[in-house]
Amino acid sequence: MDPLRVAVIGAGYWGPNLVRNFQASTECDLRSVCDLDEARARRAVGRYSTVKVTTAPEDVFGDPEIEAVAIATPAATHRRLAGAALEAGKHVMVEKPLASSVAEGEAIVQLAAERGLTLMSDHTYCYTPSVQRIRDLVATGTLGDIQYFDSVRINLGLVQRDIDVFWDLAPHDLSILDFILPDQWAPVGVAAHGADPIGAGHACVGYLTLPLKRGAIAHIHVNWLSPTKIRTTIIAGSRRTLVWDDLNPTQRLSIFDRGVDLHVPADTEAKREILVSYRSGEMVAPALPEAEALQSVVTEFATAVRARRAPLTDGQSGLRVLKMLDAAGRSLEDGGRVVPL
Amino acid sequence: MDPLRVAVIGAGYWGPNLVRNFQASTECDLRSVCDLDEARARRAVGRYSTVKVTTAPEDVFGDPEIEAVAIATPAATHRRLAGAALEAGKHVMVEKPLASSVAEGEAIVQLAAERGLTLMSDHTYCYTPSVQRIRDLVATGTLGDIQYFDSVRINLGLVQRDIDVFWDLAPHDLSILDFILPDQWAPVGVAAHGADPIGAGHACVGYLTLPLKRGAIAHIHVNWLSPTKIRTTIIAGSRRTLVWDDLNPTQRLSIFDRGVDLHVPADTEAKREILVSYRSGEMVAPALPEAEALQSVVTEFATAVRARRAPLTDGQSGLRVLKMLDAAGRSLEDGGRVVPL
Amino acid sequence: MDPLRVAVIGAGYWGPNLVRNFQASTECDLRSVCDLDEARARRAVGRYSTVKVTTAPEDVFGDPEIEAVAIATPAATHRRLAGAALEAGKHVMVEKPLASSVAEGEAIVQLAAERGLTLMSDHTYCYTPSVQRIRDLVATGTLGDIQYFDSVRINLGLVQRDIDVFWDLAPHDLSILDFILPDQWAPVGVAAHGADPIGAGHACVGYLTLPLKRGAIAHIHVNWLSPTKIRTTIIAGSRRTLVWDDLNPTQRLSIFDRGVDLHVPADTEAKREILVSYRSGEMVAPALPEAEALQSVVTEFATAVRARRAPLTDGQSGLRVLKMLDAAGRSLEDGGRVVPL
Amino acid sequence: MDPLRVAVIGAGYWGPNLVRNFQASTECDLRSVCDLDEARARRAVGRYSTVKVTTAPEDVFGDPEIEAVAIATPAATHRRLAGAALEAGKHVMVEKPLASSVAEGEAIVQLAAERGLTLMSDHTYCYTPSVQRIRDLVATGTLGDIQYFDSVRINLGLVQRDIDVFWDLAPHDLSILDFILPDQWAPVGVAAHGADPIGAGHACVGYLTLPLKRGAIAHIHVNWLSPTKIRTTIIAGSRRTLVWDDLNPTQRLSIFDRGVDLHVPADTEAKREILVSYRSGEMVAPALPEAEALQSVVTEFATAVRARRAPLTDGQSGLRVLKMLDAAGRSLEDGGRVVPL
């Protein structure tokens, strides 16, 4: 297929990764990189590059050669930049979170729909071999009925000035949750508890609890103040339970045949206890490819545009994540009570 | 000092550990072991033992030779058995939780006070070299101002019929929290979220959040349905942060000189950002003795009785734990909102 | 079956473990414990025990009630004590190593044979669920052709005065090697390299290399001077390779479907390279019981005596270990060259 | 300083890393990349690069603009290519090992000396923050007297056709050993044991033992057939012992205050035993920068050329490594006996 001619807007923390992966992709042709700080844009392409650099988004939007734009700027600017790109007829990939409010997110999604353009949420984790495998394990029933999802994403992180730790880190876990769980275990509410022990002006330590359909539960711990880095998610099911340790490259997934089987008959307590049984079987760590997720992201973007289909993580998925973040904020103001979705 | 003449009531899960440690202690003289199931009591002392065995608590209470009683029976029986023991003039050590309700707990504490007898809560973890050291590190200001306490206590656990996972496992963490935190960071409320994805009739997966004084926070994850066993607690401070991994015998405590220093001036945003600084220093793992906590427990019990002083973990500490469990129950019924203490 | 009436001689480091396990075994009846130091013997049985204590081995040998003796004294005394026990018609279990020389070991084995009495080498590790499983995996061909055996057994150990680190620690690995490898991969020689960097008078750090039949190799690292404790053995095969980490109670065995398949044709180099292929499949960690090996040891001893059969680890296995230790000593004196077995 | 104008010859496994790091270095100016396979050279620079690509080394040697050459081709070609580069007046950095024989290595070293040109051995590991720190800890006496050096470098590696596992992997450990140990603990001999259980035609599993001066010892385990990747080195000293785990990015170095202190008086055994004492103090994990070693390598190369000084890892260090590999080969042919250096 004819390579997708793309530009990257924003060369801060994430932009350079997009630049590197667009350059490495045979499905894409990187035309220019845009950042308000020209030196930063230059650093992103390097001293030996033929890629154009600009400080004016208009140069990108006005360039008829450019078909698609990847936006890696602060969330507060997404509405304006994604909007302008779509107005200019460009396909758009947006960094997470999709926008800084549900209303802005809806506006972007609606505009893309009206123009018949591709809108993709860059939920990078959903393209890791681990999450792809997890999604399969859930979809094929290998895990059985989902019991809980417990994710810990903590390290000594950059304390953001404009957003709290929920908006900074939780989109990763929420997008994964949204990606792997079919509707029968979708979240029905969100509760949030947080703390700001250093006086940053907003939560630096946060806990999200999401009751799921059918009595299951999801919980997410995000934290900027941890001396150790932890990226571990447990997804428990009635048949199997898996532990995903993203910091263990040689064994990211461990699938345990361990669990509790409880059959509760209508009648007496006595009988009931008899019917508790424990499985304590083997653990299997599947072999996974060591592919870079962002390479799959740019491939999915190019393929979706060319095939005129919605990408695996489209605007709607970005919108669902925004709605969960929004509910979390309202729960924080209500003492941590569950806010329905 | 003259060895304390003790009896153990209850030879189920925990009783045998008490029996073994009383036998190993030169400060104690184990006189008898009582259990409704005589065979179980016999197994606890072994086939070669000279220790008496009985199925009648009255034999224990009525024996003038016996000075003190350790009760390791289900919580629902503590009020009756501890009460009878105290009525009979025996000093009492009670398994956690102190009782099955705040009212029962208060009754036991009051009775012991009236009779001038020693009442000890067997908060075993508080006697581990790790927790003793942690308490020192907090008390001496080595950690600085406490920022958060995050504890994970999960494994494939025995699903209890009569109590939920909060009552089964959280007393460990709550008693540790109560033990290490001075009043200036005491909990001011409790929020609880739980799930019963297997239909056990009560929560098998639980999350407790306790806002602490001065904007700090504590969080506890207890879970019977985890395929892997985790016993890790992070205690973060403004000077140092420690990670306690109780399953790593060669390195239980890791003390990190890592953290965020944030000085927020009155004025502008701009200035403020400049004042964020990150420490990323060394980690120190102190050498700790490999003493068995329960041996220190029985020693503390005997010493406190002989010295006519309150034990390190007295009835009041057991009562504070009960009050937090009680508040957690009320939060569960209120959608997870924080219930003040 | 009628419990085996046993006595334990030697209440030093290992003796108390034997005492505890004989007491816990329904197949055995512990009659007495003997040690030159009476207080030490008493400590081994505890203050509440009905078990007899003596300082005179003769009391044990002369007691017609006693059928069997477990000897846990220094290796240099095994010849004399095991000999006297056998002369007195007792069945004997001997601590590793069987004796302090091949000649002494042969004398013990011969005497037991003449008297028709059971002689067992207490190769405890061979009775762990891990090693039992490993032996099965080798025997059933699950691992395929054995490629190498690499064992690391290091920690901050007690520096022995009379024996070097090879005699102190290597018997564990050599007895395991002897136990799991069928004759087709038996050791054909031994090379040893050691160092005494602290001036103990003999090697404190040691490396053994054992060429095995069919081009395979075994290597053992034993070390008293390591700050960290490692007990890891890799057993590589053409079909599967396993890693046994004895310090990881929740995952002692990991079986990898990973390896190199190399088919070397008669002809050209070029072709040959094409025929190298790599397997990088899943890892399986089987569920293993958490049984105490020493309990299986005493059961095997009692069962073998009653069944009048050779125990799983008999005198011959102890003798084979002695011969490997003897060859190691000769290699040390020859600059580490391989000494044939 | 004026950037060093360099070319890279060889774009196979290691070359692309050199290309990336020369491009990232402000001290260097990458002029061209040479490989017999033009496509491979192109891949190394990428589709958006301004760097020249050639298949003819002569183009590099003949280009007066190019001051220095980095050679990342198979060892067998080093003598010829490094020679030609030096003849052409270029400064040279050579991939490890320096050459495929001691004679060839000596020829390269001599030629560089004659021409007064800089010759650097790319012993990349010596430029990691870990090894730099280790060298300091040894040099400053923090570890005390060196007792042993034990390195394990194993994984499922590419089975080389032309060289055995010693020549492929051991140069890393030997160059580190050479770099961190001052002359008072220099190796005095080399013993090698190996196995070829897959029929590769040379050792795929190898063990090196190097007696060091003053009774210390070094041991290196290299292995292509391990299912798990291990990169761990223990360096034990009389004062401190460190463990370097290169696969643990958050704690590469652990420095233990643990060890055995043994004071051997002239006289009796009895006294001697009394004088054994054990230290079991804390462990400290220093904070280390996360710098990429190869970036420091190219910086050192450029700096050494401009300063007309020998680089930290010069030709002599590469030669010393060659001599140890050569001695290892002779030991293999002599049944693993120690071959003096």
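For the reader, a short list of remarks on this structure follows.
By letter and in written order, the chains are A, B, C and D; residue numbering begins at 1 in each of them.
Keep this in mind: a residue touches a chain if its C-beta (ideal position, glycine included) is under 8 Å from a C-beta of that chain, and two chains touch if they have at least 3 such contacts.
Predicted, not measured: the structure shown is a model, and the values here were computed from it.
Two chain pairs are in question, A-D and C-D; the one with more C-beta pairs in contact is C-D. Farthest chain from chain B, judged by C-alpha centroids: D.
Averaged C-alpha coordinates give centres for chain C and chain D that are 38 Å from one another.
Mean C-alpha position of chain A lies 52 Å from that of chain C. The set of chain A residues that touch two or more partner chains comprises 228, 280, 283. Here chain C touches chain A in the complex through residues 251, 257, 280-287, going by the rule given at the top. Residues 23-24, 30, 45-51, 228-229, 250 of chain C touch chain B in their complex. Within the complex formed with chain B, the chain A residues making contact are 145-148, 150, 152, 156, 159, 161, 191, 193-201, 204-205, 207, 209, 211, 214-217, 219, 221, 223-228, 234, 236, 238, 241, 243, 254, 256, 258-262, 264, 269, 272-273, 276, 278, 280, 283, 334-338.
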